[in-house]
Structures are given as C-alpha cells and as structure tokens.
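See the structures that follow.
Across the two complexes that follow, chain A remains constant while its partner is chain B and subsequently chain C.
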Partner chain A sequence: MAQNTTNGFPEGDALQSQISGRHLRGTIWRIVFLSTLILAIIVLIILLVTIFVDGFGLVAVQNVVEPESLVLDYVETDMLTAPDTIASEDDNELVAGIAGDPDGTGFFGYAFYANNSDKLRLVSIENTIPDDTTTSDGSYPLTRPLELISSASVIAAKPQVGQFILYYLQHVNEEIENIGYFAIPDAEISEIELAVMEALGLDTSGSVPMIDPATVSGNITIAGSSTVFPLTERIAERFKADGYGGEINIESIGSSAGIRAFCVDGSIDIANASRKILPEERAACRSNDRDPIESQVGTDAIAVVVNPANTFADNLSLEELGILFTTAAVWSDVDGSWPDNPVHRYIPGADSGTLDFFASTAFDLRLQDLPKDALVAILGAGITENVGRRLEREQRFYNNAVVFNSAEEWVAVCSSDEPPAGCTSEERSQNNVYLLVQERIVQPKILQAWPLTESIFNRQTIIDEVGATYPDARVEFRSWLNRHFLNSPTSSQPELAGFRTAILGSIFVIIICILFALPVGVGAAIYLEEYASQDKWYNRIIQTNIYNLAGVPSIIYGMLGLAIFVRALEPITSGALFGFSDAATANGRTILSAGLTLGLLILPIIIINGQEAIRAVPNSLRQASYGLGATKWDTVRSHVLPGAIPGILTGSILAFSRAIGETAPLIVVGASTFVTVDPTGPFSKFTVMPILIYNWTSRPQKEYQYLAAAGIIILLVLLIIMNSLAIYLRNRTQGKRA
Partner chain B sequence: MSNNNGNYVLQAEDMNVYYGSFRAVKNVNLNIAPRAITALIGPSGCGKSTVLRAFNRMNDLVPVARTEGAVTFHGRNIYEPNVDPVEVRRRIGMVFQKPNPFPKSIYDNVAWGAKLNGFKGHMDDLVEESLRGAALWDEVKDKLSQSGLSLSGGQQQRLCIARAIAVKPEVILMDEPASALDPIATLRIEELIQEIKQNYTIIIVTHNMQQAARASDFTAFFSVDDHRTGMLVEFGETNQIFTNPHNETTEQYITGRFG
Partner chain C sequence: MASEAPLAPTTRVDTSALDKKPRARETIIQALLFIAGAISILTTVGIVYVLVSQAWLFFSDQQVNIVEFFTGTTWQPRIGRFGVWPLLSATLMITTIAMFVALPAGLGTAIYLSEYAAPRTRARLKPILEILAGIPTVVYGFFALTFMTPLLQSIFGPQVQVFNTLSAGIVVGILIIPMVGSMSEDALQAVPDSLRQAAYGIGATKLETSLRIVVPAAISGIAAAVVVAISRAIGETMVVTIAAGSGPNFTLNPFEAAETLTGHIARISGGDLSYDSVDYNSIFALGLLLFVITLILNMISRRIVARFREVYE
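Coming up: the complex of A and B.
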C-alpha cells in the first residue's frame, strides 16, 4: 500500500486511522445507546418492583368473631342436640349414667375415668390408650399440655416466682396422678428445670438444687386455666406446708385471660395455661419485656368410655369419634360390623371446658367446611332482621324456602311491580353464604399492613409490633390482588374494597371508544390516503390539523368532551332521548360520554396510524389491480384494506391501551370515584381503573395504597395483553409479507 | 369512428403526455397491428413507459399526468370523457416490470380479476386455462392454494401474465417484463410471449435489443429532443428497423453506439 495520498483519499496508515476512527465513533455511540437501554430497563424494573412490593405483604388482621369459635359453637350444638344425649356439668352423673346403661358412651377428663375404671371400659382412639408416654409424645390425640408461663424479667424482679416454679417442677410428678393428669417424664422435667434455671441466671452445670420453701419470701400471683388450677393449688398448699411464708393468690379465669393478664396487663406473675402460647401472644409478651418461658408441668387427656357390657367398641378413629358423638343413632352407624343397638350419649355440658376441649381436638373442621344450613344459621344469629331481609332479596338463600322474610312478605314483594332480584335468582351457594359470614360475622379488620420488602426482611419486628399494639390480632400474609378484589366493588373499608366496578367500567368505556374511534378513524384514513387529492389546499389543511390534534394534551379533550357530550348532547348521552335514563345518572356523565371522549382523544392517532398502514401497501399492488380493470373501490376493498388491516390493528390496539390508562379527560368528563354498582350499559355512571387507582392513592388510610398497587397490576396485565396482541399481529403480517 | 382503417387495434394520434408542466412525450403517432408483437425501444427516460401506460390510461393514476391528442381503440378515442378507464383496462391488460402478484393464493391471483369482471363460467377451468396459457400450470397445479409470493421471480412474472390473460383482454401491455429475471427465465417469458401472440395483441417495452429483434414483429424507436421530451423516431417492421434503419439515431442506438 502506498503511503502517500495520490487520489484525494487517504492511504496506508492514514486510511487505517481514518477507518479505526470511524469504528471508535461507532463504538462510543453503541455504548451510549446501550446505557440508555439499560437506564430504561432499570427504570422499568424499579417501577414494577415498587408496584409489586405494595401489592403483597403482611397484614395484621383482627376478627370481630373468631371463625374457630363459630366452628366450635356449631360442633358443640351439634353434639348437645344429638338424639339420646344427656349432658351434665357433673362428671359423676356421667359416670353413673354410662355405668348403668349398656348402650352408654361418653367422655370426660381422664381423672374421672381413673377413679371409676372398675365401672367403665376405656376406648382407644386411633389405636392409642392414654398413658404417660402417649400423652406426652402426642400420639394420643385428645390431649392438651398444662403449662406455667412466666418470664425471666418477672423472675429477676421477684425471685420467689422462679423458686416456686422450680419447686413446682420438682414436686409435680408426686401430685399429678392424684389430680388425674398425666405426668411428663422426669428427664423432660429436668430439661425444663434447666431452662428455668438458665433464665434465672443460675449455674446449670451442677445438679439442680432442691428448693427449700422456708427460705422463700414475697408474694406470688397466679391466674389462668381452670384445668391447671387444681394442680397449682395443690402444689401451692405443699409449698406453704413446707414453710413458705408469703401469700400465693391463684385465680381460675381461663387460659386466654391468664395469658393476657400476664403479657399485656402485667398484673400476674405466672399464667396457668392448658394450651401452648400463640405466636401473637408471645409477641405481645415480648413487647412488654416479658419474653415468655413456658414450663410444661403435665398433660391433660380426655377419656372416651363405654359401658363394660359393650364388648365391640374397642377403638375409634377421630372420624368415627366425630360420628359417634353427633349423628350416629345406632352403633352400626359408626362401624358397620357393630350391632344395631342405640347409642346413648353422656357428655359434659355446654359450660364445661371439657366439651370445648373435646370439640376442638376431635373435629378437624374449618368455617368454610360447615354445611350451608349451619352457615345460614350462624349468619342469622349475627345480623339484624333488616339486613337479613335485604340479603335475601338480593339473592335468596334457598330456592324453596325463605329464611329472613316471612312467607307472606316474600309473596308480596315478589308480586310487586319491581320484584327484587332474589325472587328469581339462583339460591346462594354454600361458598356464597360462607363469604357473607366472613363479611358480616367474622368481619376481619385489617389494622395495619406492610409492603413486601418489609414483610420479608422485618418479619419478626412486625410480629412483635402487632403483638404489642393489637394483642388480639393475627399477622398473616395477604395478596391484595385476590379473588375478592376482582369480584367486589370499591368500599370504604379497605379489606372489603375491590376493583370490579372499575374493571367493568374500563371495559365498557373502551368498547364504546373502539366502536366510535376505529370505524371513524379508519374511514378517515382511507379517504385521506386513497381518495383525497393532496393537491387540494383544504385536504392539506385537514392533514396538518390531524397531526396537530394528535399532540393536544388529553385534558383539552376532556373539556371538549364535557362541552359536547356531557352538556350539549346530554339528551343523547344520558339516554333520556331513548327513555333509558337512570334516575341516579340523569345527566350526561355516562359511559357513553366517556367512551366518546376517549374516542376523540385517540382518533387522530388512529387516523395517522391508519394512513401509515395504508401507505405501506405497495403501489404495485394497486397498479396490478387497476391493470385488471378494477375500480378504486375494488382495489381498496380487495387489496389496500386487507394489506393495511394488520398495521391498522397494531396501531389501534396501542392507541386503545393508551386510552385505557387515561385519567385526566375522564375526571373532567365526570367519572365518579365511588361507584359500587356494576355498570349496566352505555348510560350508566361509571368509574374506570386509573381513576379508582388515583382515588385510592389519595386516601388517608395506608391500606388503599396496597389496593392501588393491586389495581395497577391488573391494569398493567391488561396493557401487556393488549400490547402482546399488537406485537403478535405485527409479526404475523411480517411473516406473510416476507 | 372516422380514423379507423380496420387493420389497427390501437392508434396513437398526435399524442402528448405531460407530467405537470413537463412534456414527457410529444406528437406520437403509432399504429398497433392485431395479434402481433410491437416492441418499444429507446434510451432510458425517453418515454417508453409513458407511451405504454397511455394505451390503457394507467397514467390517470399519476395525479400530475395529462394526456393530449387521441388514443383510439378499435377506432374509439379512449380519452373521450364518457369512456370509463375501468373498461379500457379490462380490455387492455398490463404486465409490469417487477412481478407484483397479490398476497393471495395462486388460484385467487388468477381468479380475482375474472370474478371482479363478472365471469360467469367455470372458474377452475379458467384458472387452469390461464395458468396453462402462461406456461405455469405444471409447476403450480399441486399448490394452487399457496401464496403467489411463494413462487420464484420468473414464476411470479408468469403468474402475472396468467392473471392478465385470465380476464381475456385483447391487448396486453408489457413494461420490461423480463428485466428482473435471469437469462433462462427471460427466455421462457419470451417463448411465452411468442405463444400467446396467437390470441393477443402485445406491446412490449424492452431494453434488450436481441429480445426486441428476436421476439417482435414491429419495433418503435423513441428518443429525446433537446428538452428531454420523448418522441417517436422511427417505426416499422422489426426486420427493417434492425437491418436497414432509415434514421441515423436509430442505427446508432441499435448498434450500441448511443444510449
């Protein structure tokens, strides 16, 4: 290669550096473009993450009525109202009843069986007999732990509490049999002792020192479970007898109340409990600086017994147990191989803790599993007559019976001029009634909510915080985007608010918008491209104006829509002209006005895009068509339009997805923000997704922010679907033309 | 009509075509004999395509184009106001330089024009006949429902010829029909033109001297004047034009010394 420049072009090194200089410039631009792309992606990801993070997370929920207690009530009522059932608060009566009745069966605390084992026969449950082992390892199902709950902080302040607990543990196995509960093995007791000592800050390396009550002073207050009460009382007596000089005050107020008194009120030193402490309770304790130490001192079990004359019922599964104490009329209902003798039941009465204990351990039922009739009864017990009547008129509970309305009343409303929907509706399903019970009886209230990131990284803090602030609340994970959200209208209670009216509103509005803008826009585009002569000044003015209109801010279209559709054309847009007018919306602020306004907004875009698509149809096709003797319309119809339609659709779908996201013009046109009835047609008042989202974000309650995030996710999903459709159409056409 | 001497299908009489104020061709007088091939040759930009399009009023599609003088078809001036260009084009078909089949099936490509023009006979037969006429039948008979765009360039051009003859025109105008094709495909098109000449009057624009010499019966040579306006320089039987041109420019052009 020559080094010199002979013909005006660089050669040799100069050529190389000239080329590499151009490469360099290319590389720099490539980096610039890449970084803009990365920036765009980062912004997008941040946007999506922010939305997502708000759409899911922990919430603190507090029920007005706990579903478990409803289920328990149902089960207990079922048991108490079963035929041939004698209920008594006096366990001796039960023992006597079963002992004197060959068909008798029943259950009570194991202590009573132990005292009367000569008159009764014990039935094994799930092939297990209650004894020290099966009760402490949990293989016998009808058991509950007996616990003392205290905390290191309490013990530090009142050493006598720790001394008493240690004393309790050291002597409980000497007494527990007498009370009628099961002991836990000595080895486990030792472990628990060690844990208590550790909490006391005592040296745990050597052997556990025996507590001498004579050296203990100071008072101790204890309260809680009625089941643990006799045991604690017994130990306290011994404690005193052994020389303790202080006062021990023991109250029987129930496990939950005891734990509350210990954790929240801080009014007692030890809580007696016949169950494990719940996470929420633990959190509540912690936040009051009473990190709970649970010491199990024994196990309570229920004995299921029959008369010794009954030789067949040796064992029951939990399922059979449930049948035996509810629906079974004869023994063969429980097990087909058993005789047809009637079942005579002797069970603890409604006020007895044993019945609760049995009902909650022997039945594995959730509220949503209850039969419809039971749910209707629960609903009926918890709502006013008026509400019941209204619900029944909205949708009846049974096709062939009325529950809340009297029969005459029902006939009267249903034969009136405007019978309510309930008269002819399909009866409410079990699930529907369950949801009503949730909404009206259980009434879960969201007290506080946290975004996803906090929920993941600060889970424990949140649980502790909830325990401190709302001792009765439960912390659970909630997706704000759920079935209820999609199915319900908005509400002034965030936990009940949904997106349904907005989704339907958006769909209705966009349908009107499509029906208006697509034909008008495409028609105009065809005229401008195929018929209008560009030589004519007026056509050029029209074209220029369309370009300008595409750039006009959307709020201006809102004002235009307000002036034209809402005000000037009110008789049409309100439906009054057609006699469709709805009393609630006797003005032009309807779906029709909104759809037309959005139609106007995107009309220029549709026209311009349509023109582009039409222009993209190769001229050679038009010539080929004319060459065969086609008229203009033949050509447009058979070649131009088919060739342009995919392009038109692609652009139009993008335009419609823009319209779906518009807020400003619809606010001007008068979208309602609080609509709880579904839109029924073009003359309904309306709200749309972005407006409801906007409304939610501007509310003071923080929960609405999470609802808004869920709404945005729905909106985004819809937009993604529409845009994918556009991409799909575009690819399909490109494939065809290639 | 007055000027009809009965022998000519198409006659251009003092034809001038303007694109806006620019006169593209001037004073063209040309007589086209029936069932013969007339070739239009000349240097680029001399107005061959313009003249060709004037014969079936395709220039109407160019907004700025204006035609003066007369083009008579069987003695009737097709530029008279009461003549419908759609009918003119139905009788005088056209094949373009670049193959431009419709993005439809092969079958529909051929059938569309016929359907449009109210063909009442048996469409399958017409399609087969037209494809045979364009020497394409054997290659496509098994894939009539495939897109016309799936064919090769040469096949596409024959499809366009089939499409043109399917509406049974009298005249077929061809604007460099083989210019986008390789020599073999070109040869096939030439053979085809020779065959269909039995039934059709053909006017063909070509830059290929051998093609014009080989394939045509008459040749019209166009050139430009000082204003770059095209004009007909010489017209006659192909033999005469190529062996014994009367005009000096013609001779220079066909011997390759000009253009």
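Coming up: the complex of A and C.
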C-alpha cells in the first residue's frame, strides 16, 4: 500500500481498498453489536418458552378409584334411596308396577317398553322419542352404541372372524328389532361393511358379496358387554343355522373386560362393547398389534315411561329427569304446572347395568359438584376410623356435629389441656372435603408427564407407550396451571399440590413489607432531600450508607433477619408478647419477620427512587409555598409530596415486585417449604411463591418441575401486572410534565 | 385590609413575631423523618454487628483455626475442617464464567443501543433489558437446571454433571447482562455529542468513533458497571443454589458440581439449624467474607466513578 503514497496517506486503489476495508469492518462490528442484543432477546424468549412448555402437557394418570364411579355410586344411592322408590332387577316387575300405579314412573331398556307398549306411556326426553333415526343421530340422549371390536390382524389370521362380522352386519337389521334395540341406517351399515372388507383384503369396488356361512370354518371366540350379548347370540344361532360348521363361544363379561381381553390378553377374536373404545384402550390395542376396527351394529336406548293414566308428563328435559328420579316428592316438584300427585318410582336395581347407564347419562355431575355431606360420606366409606378421627381433630367437618369421633370422645378431647385445632376451627368447606376425597380416595397418580413440545409432536408415540406400559392409565392433557392448583395447598403428591398457601403467604409478607418500607423509605427520602443539610457529617454518612446498602447481596439481609427478627426479637415476631402462644407458629420464623427482612432489603431502593422523585419537583413550588408563609412540613405535605407521589409510587412498585421475587433471604430467615394451612396473620409460619418454586425445582421428580413452571407463570404474570402499573404511572407523569 | 391599616411609616414594626419560632409539630416531624433516615444506618450497623459477633463466635470455637479458614482447601464441618477455598473457588469460577458471558453481551448491547440504534428502536428494545432484569432469580435457577444444563449435556456429553458450575455461571451471566448493559449505556450516553461530531469530522467511521472515542471517554462508567456486576455475581444465590450443586468441591472443572459461598449459606440455613452450633456460626463467618468482598467492590466502583469521571462542559 505504501508504494502509492506521496505523503504517507494512501491514494487511488489503496485508498479505495482502505475505505472499503474500514466500511467492511464497521459493518461486521455493527452486526456483532446487534447480535449481542438479539442474543439477549433470544435468551428471554427461550426462557419464557421453557417455562411455558413445562407448564402444560400430556400426563398419564391412574386413579385408585375413578371419580366417575364415586359420582355414579352417589347418584345411584340417591336414586335408590329416594322415597317411594321400588327397585327391581326384574324388568317385568317394573312394568307391572308402573302399569298398576297411576302415579308410577320408571325406566328400562327400550325392549321392555316395546313389548309392553299397550300398558305404558312413553315420555319423550328433550322433546325426542327414541326411534331408529333419533337413536342413530344421537338426538335422543339416553342411548349407547352396540359395537363389535376386532382388528385387521385378527381377521387376517382368522378369516372366519371377518366373515362372521360381515354376516352379522348383513343380517343384524333383520333381528335387532326383535331383541328390542334400534337399527342404524342401512347406508351406515354398508360403510362399516366396506371398512371390514378392506381389512379383509377384499375388493371394495363392487357390491358386497353375501356371506354363505356354509363356506366358513374355524372357531370364533367372543366376549364382552351383556347388552350386546343377546343380539350376538341371536346372530350366532342364525349363522349356525345357515350352515356354519365351527364353534362360536360367546361370553357376557362386560364391555371393559371384553376390550381388555381383546386388546391386552389377546384371548378373544371379537369384543362386544356397549360404548366407544377409549383412546387409552385403542393405544393398548395398537401396541399389541391389534389396531381396533369398531363396527357399530345397533343402538340401545332407555325408555322413560309413565302410567297411561298420567296425562301431563309428556316430555322431560335431562335436568327434570334428574329431579324426577331423585328428590321430587310430587309431580309438581318437577314442573310447577303438573298436579301435586305423589311420584312413585320403579327403577332397575343396583346390580343392573341399566341403572349405571341411566345414572351416567342423565346426570351431568362431577365429583367436585357433589354436596359436602355426600363427599363426607364417600370419605368415611374409604378411610379407616383412625384416619377419620385424626382428620376431624385437625379440622372438624361440621361446627355442630362430629363424624368420626364419638360425641363423648370429642368432648373429652376438647376439654383436655391441649385441645386439638379441630375443636375450635372453622368447619371444613365443601372444597376442602373434596380435596380430602381426591387425596385419600381417588388418589390420582401421575405416572409420567411430558412437556408441551413432546406432547404436540410425539402425541401418538406417548399414547402408544402409555397404553403398553400402563394399560389402566389414561392419557390426558393437563394444564399444570389450573383452578385446583390455585386453590390447594402444596402436597407430597405432585398431582394434588397447589400454590394457594404460597400466594397467600406472598400477599401477607408483601403487605407487612409495604407497611414497613413505604413510610420509612419515603420518610428517609423526604429527610434527605428536604431537611438534611449536606454540611452535616451524619447526613453524608446516611447518604453514602444507603448507596452501599443497595449493593449488599440479598442473602446477607436474610442473615440479618435471622439474627435480629427471628432470634433477638422472637417474643415480638412470634407474637408471644401479644399473647399468641400458638404452637404452630415457628419460633419467630413468621410472616412478620419475613416482611420486615424484605422491607429492609428494598428500603435503599425506595429511598433512592423517592429522592429522585422529590428532587424532580420544581423548586419554584417550594418557594411559592414558603412565600405564603407555609412551614416546611406544610410545604412538603401539600406541595412537594403530591408532585412526587407518582415517581415515588413507580419506584416503590418496582421495589415491591423485587421483594415478591426474592428467595434467598427468606430461605435464611426460615420460610417453611411445606405449609398446608393458610396463613392467618403476621404471626403465622409461612411460605411464599418463590420459596415453593425453589422447593419444587430442586425436587428430583419431573412432575414437580412442571408444578414449578406453573408457579413461575403465576409469579411472572403478577410481576408483569405490577411493572405495567409502574410503567403506566411513569408514562403518565412524563406526559404531564412535557 | 391594607387600606384599613393605620399608615404610620415612622413607626418601627415589631418583626420579632416573624422570627423562627420553635414549633412542636415541625420538630417532631423532623425528628421522625430523621429516624426514618437513620434506620438505614441501623441496618448497616445491624449487619456488621450480627456478622462480626457471630463470626467471632465461630472463630473462637476450638475446632476452628483462622489461618486454616483462609488457606484450607477442605470444608467439612462434620470432621471439623473449615477451609473456605472450596466455596470461594466455586464462587470465583462462577463469577468468571458469568463475566465472560455478561461483559461482551452487555457491552455489545450497550454500544448498539447507544451508538447505533435509532432513538425509536432504542425505546422499543430497552424494555427487553428491563424485563430480563425484572425476572426473579429463582426463575433463572429453574432455567439453568431445566434448559441450560441439558443443553450443555447435549453439547459436551455425559461429563457434564446434572449440577455444574458452567451452567450456573452462564445463567448468572445472563442475569447480569441487563445490569452491565444499562449501566454502560448510561455511561456512553453521557459522553457529549461534540466528541462524536469531532471524530466524524476527521473522517472516522461509526465503529472507530464508538470504540476509540466514545468508549474510552465513558470507560470509568463502564468499569464501574463491571465492578458492580462482579459484586452482584458473587452475591447471587438462587441460580447457584439450584444449578451448581450442593456440597463443597475444590475443583476447577466447570462440568462438576461445586457449592459457592452463597449456595452454602442458603443450604445450611434452609435445613434444620440449631442455634449457636458451629454450623450456624459458620454461615455468619462466610456471610462476613461475602459482605466484605461485595462492599469493597461496590466502594471501588463508586470510587472509580468519582475519581476517573471525565467532566464535560
């Protein structure tokens, strides 16, 4: 380059290349600088996504007791114990009862109504009566499908199975009405036939060939639903009568057992089912190479009937149906325009599948909707007496009655020197009892959980895997952030653990923190800005000291809190001085100690922000005030503070949001990680949101990680709200001054 | 009113009524406000008193030797070995890693925002730093454990332990990027525009102006930011408690678990602690060490700003 120069500076091409080189370098560095910023943005996005992804996802859950069955039991008991109710396993008895009782009503399989339609009157449900159309399109609510379940692999290995199913489909509509079920339209039957033929590897383009049983050989094993059983039996008889030479073995063992036998055990060729196959069952089938083909062969319906003398009950909604078969004493309880005749109920007995079916279809109840008494009864039936007594002593179930303890025992326990908390506590709420039922009876166990990304992209793999590993488990999408999570205390079972005590704890702690730090911080800021003369050595020390305090690691404040508030001031912070001698308080490790510790921690931030806000108030305001003869305090109170308040609030909100997120000092002060009782006041032991998040994060089980993510989401949402408020206040005041 | 007052210019008005009078309310209020200001002094006194007195108890314990404390490489309270180096080395290692992340990222961000970005872009991008700064540290700990560590394991293989100082260090670095970034940006912004204009006038590119004129002019502010950031990294607790592991380990291998000063304090005090045991007192000795280190760093930072700041007219 130097050869082209005359005066030490490059010229011509060398100058060009030097300039372009400098430009290139400039561009490259510009990109480098920009990329650091982009990196920061990407990290922020990844961080938020990581948390979000962990907060939702598929879980494999297995209950010890299914909540549906508890609800069903409750509903059925309710129905069976309703007054004027006669239950019988013999449908003929029910028919006779209703036929002979002008106030009678009842329900049973449609078949029985069809055979006795002269003695009974059918009631429409939701303005629909059951017939072939309303049952197949689902507009009649009390229906269930009748299905045959098999698979292509079984049909390939045993052609006779496929041929029997085809024969079944071709002739079912000739027999089904005789059994008392509803036919599905021929067009749909044809579609199902085509699917079966495809599975059989037959040409589906032409017409469906009629099956000739005489050409079929080999045995067939069928098991499953008792409802489908008579229909299958009839078809099987016909199959044999038409010349089939093999053996058909049909067993009535119930739908679930049938599907299990088909999918998991592989011991049968066809499963009879009176419901759709569930996704987990399908997955279990797949993992055993028995990808299920469902062929619906008909529909069953329940008929709700009254005595022909009853002329008013033409139609019932599902809700009215529920009332009619449980609480209604007279017909006018169901519908006010109906007469006050008593209701006499004739219903199938407890062992009947029809009652189960009716109860599960007609009542839209969930476990958490059951009344408290019912939940207490469910709880009582499932736990030992000792556990019940203990739970009652922790917190009683009713203010005016005891459930698990005998009355004498209760009086004795409560008049002892150290009565348990249950003697004086508020009675357990319905929700509280529901949680106990969940924890003690339902006992849902999350066997495995997956983050959102895997749940979306590997959904099928996960379902198959669960079906193979845990046949009894069901896969469901779970938002770890849900109402239960917000409403329940933490628990040793991740599926039951909640955030409630931590949220309340954080609120209590932050209230103490505000009550302490805001007045003191603002007071100190006013002093330093309005009163303190910088000439005085002590004022300079205060100012320097505040800057230094702002840089002290937060955990040091925790140690200060531990030594001063928890230990030295224990009589005050534990509340003992004020007569709170509750054994449950944690020796000074209370909400009060935590709030004061955090207060000290954020005090420097509040003071520094407060000083800035006060400094921003124009001096002319003060001078004007003094000019009118106001005292210093009058000036501060009426002129300086009002002008500075938005700035002070902005800084303070930011400081409090820092306090809400602080973890380390509270670990040292002694936040409890396992608190299941809501805090009641400043002397309660406590946990706060970040402590619980920390605790969950450091547990080895993956489920707790998802809980932590859900907790973080709540914490971040809260912080975002607080920060938005601060930014809003800041912008508003900036707008005003401009 | 004035017209009703007797006009007597020759009479001397008694102004003693206007003299400053002691007013009880004013005095009380001023006293209260002073107390509010003095609470911060009490806090400092409290911290120093608590740390020193408990540390004194610790050092006067028979099992403890103050020389061993500062030189020993084993921290095993159960067998009476109290050498601080395993904890200190982990703290220093994590701080170093964090600064390797935060320094380039924070400075780059600051230079871009201050020198390159248009005012509107800056106004839009700066809140991102504020959001990063507002996220609680326990969340960063969660991030380190559930994202950073698996990422490192997939890059470096199984030699990366579940708890390791590298992951914690990187995340602490991310945590202090906003701090380095916004303090440095303030310093860069404080450099008067005339310097930049002069540099452009003699033909400097934007890069040359930024790196050779503006950054050197703002170097005291940047240095102060770095020192404060180091202090913050040393005092950071939650990320290291969650992600760096529990159990003192004298190692320089960033893939291994090692407990820091703060992590040890948090773990010991989070457990069932019996007051006045050696364990209990030891955390105060560690706290005192931590306090002294961070206090010195913060004072250095403030001194740098005060002494080396270029004052521009």
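In the analysis below, the second predicted complex is superposed on the first by the 421 of 738 C-alpha atoms of A that agree within 3 Å, B and C clash if a C-alpha of one lies under 4 Å from a C-alpha of the other, contacts with A are read in each partner's own complex, and residues count from 1 in each chain.
Throughout what follows, contacts are C-beta pairs under 8 Å (C-beta built on N, C-alpha and C of every residue); 3 or more make two chains touch, one makes a residue touch a chain.
Quick caveat: nothing in here was measured; it's all calculated off a predicted structure.
Visitor: Contacts for A:674 in the overlay, against chain B (first) and chain C (second): which applies, first, second, both or neither?
Guide: The answer is neither, since A:674 touches no partner chain.
Visitor: Identify the partner contact of A:621: answer first if only chain B is touched, second if only chain C is, both if each is, neither if none is.
Guide: It touches chain B, and chain C stays clear.
Visitor: When the two structures are laid over each other on chain A, which of chain B and chain C touches more residues of chain A?
Guide: C
Visitor: Who does A:631 touch here: chain B (first), chain C (second), both, or neither?
Guide: Touch partners of A:631: chain B and chain C.
Visitor: Quick check for you: in the superposed arrangement, does A:551 touch first (chain B), second (chain C), both or neither?
Guide: Touch status of A:551: second partner only.
Visitor: Using the touch definition from the top, say if A:728 reaches chain B (first), chain C (second), both or neither.
Guide: neither
Visitor: For A:398, is the partner it touches chain B (first), chain C (second), both, or none of the two (neither)?
Guide: neither
Visitor: Does chain B (first) or chain C (second) touch A:639, or do both, or does neither?
Guide: first
Visitor: Could you list which residues of chain A make contact with chain B in one structure and with chain C in the other?
Guide: 631
Visitor: Touching chain C in the complex: which residues of chain A?
Guide: 22-23, 25-26, 29-30, 32-37, 39-41, 43-44, 46-47, 50-51, 54, 519-524, 526-528, 531-532, 539, 541-542, 545-549, 551-560, 562-564, 567, 600, 603-604, 607, 631-633, 654, 657-658, 660-664, 667-668, 670, 690, 693-694, 697-698, 705, 708-709, 712, 715-716, 719, 723
Visitor: Name, in rising order, each residue of chain B that touches chain A in their complex.
Guide: 56, 58, 61, 63, 86-87, 89-91, 93-96, 98, 100-103, 112-113, 116-117, 147, 149, 160, 163-164, 167
Visitor: Across the complex, what residues on chain C touch chain A?
Guide: 23, 25-26, 29-30, 32-41, 43-44, 46-47, 50-51, 54, 104-109, 111-113, 115-116, 125, 128-132, 134-143, 145-147, 174, 177-178, 181, 205-208, 211, 228, 231-232, 234-238, 241-242, 262, 265-266, 269-270, 275, 283-284, 287, 290-291, 294-295, 297-299, 301-302
Visitor: Mind listing the chain A positions that touch chain B in their complex?
Guide: 533-535, 618, 620-631, 634, 638-639, 642-643, 736-737
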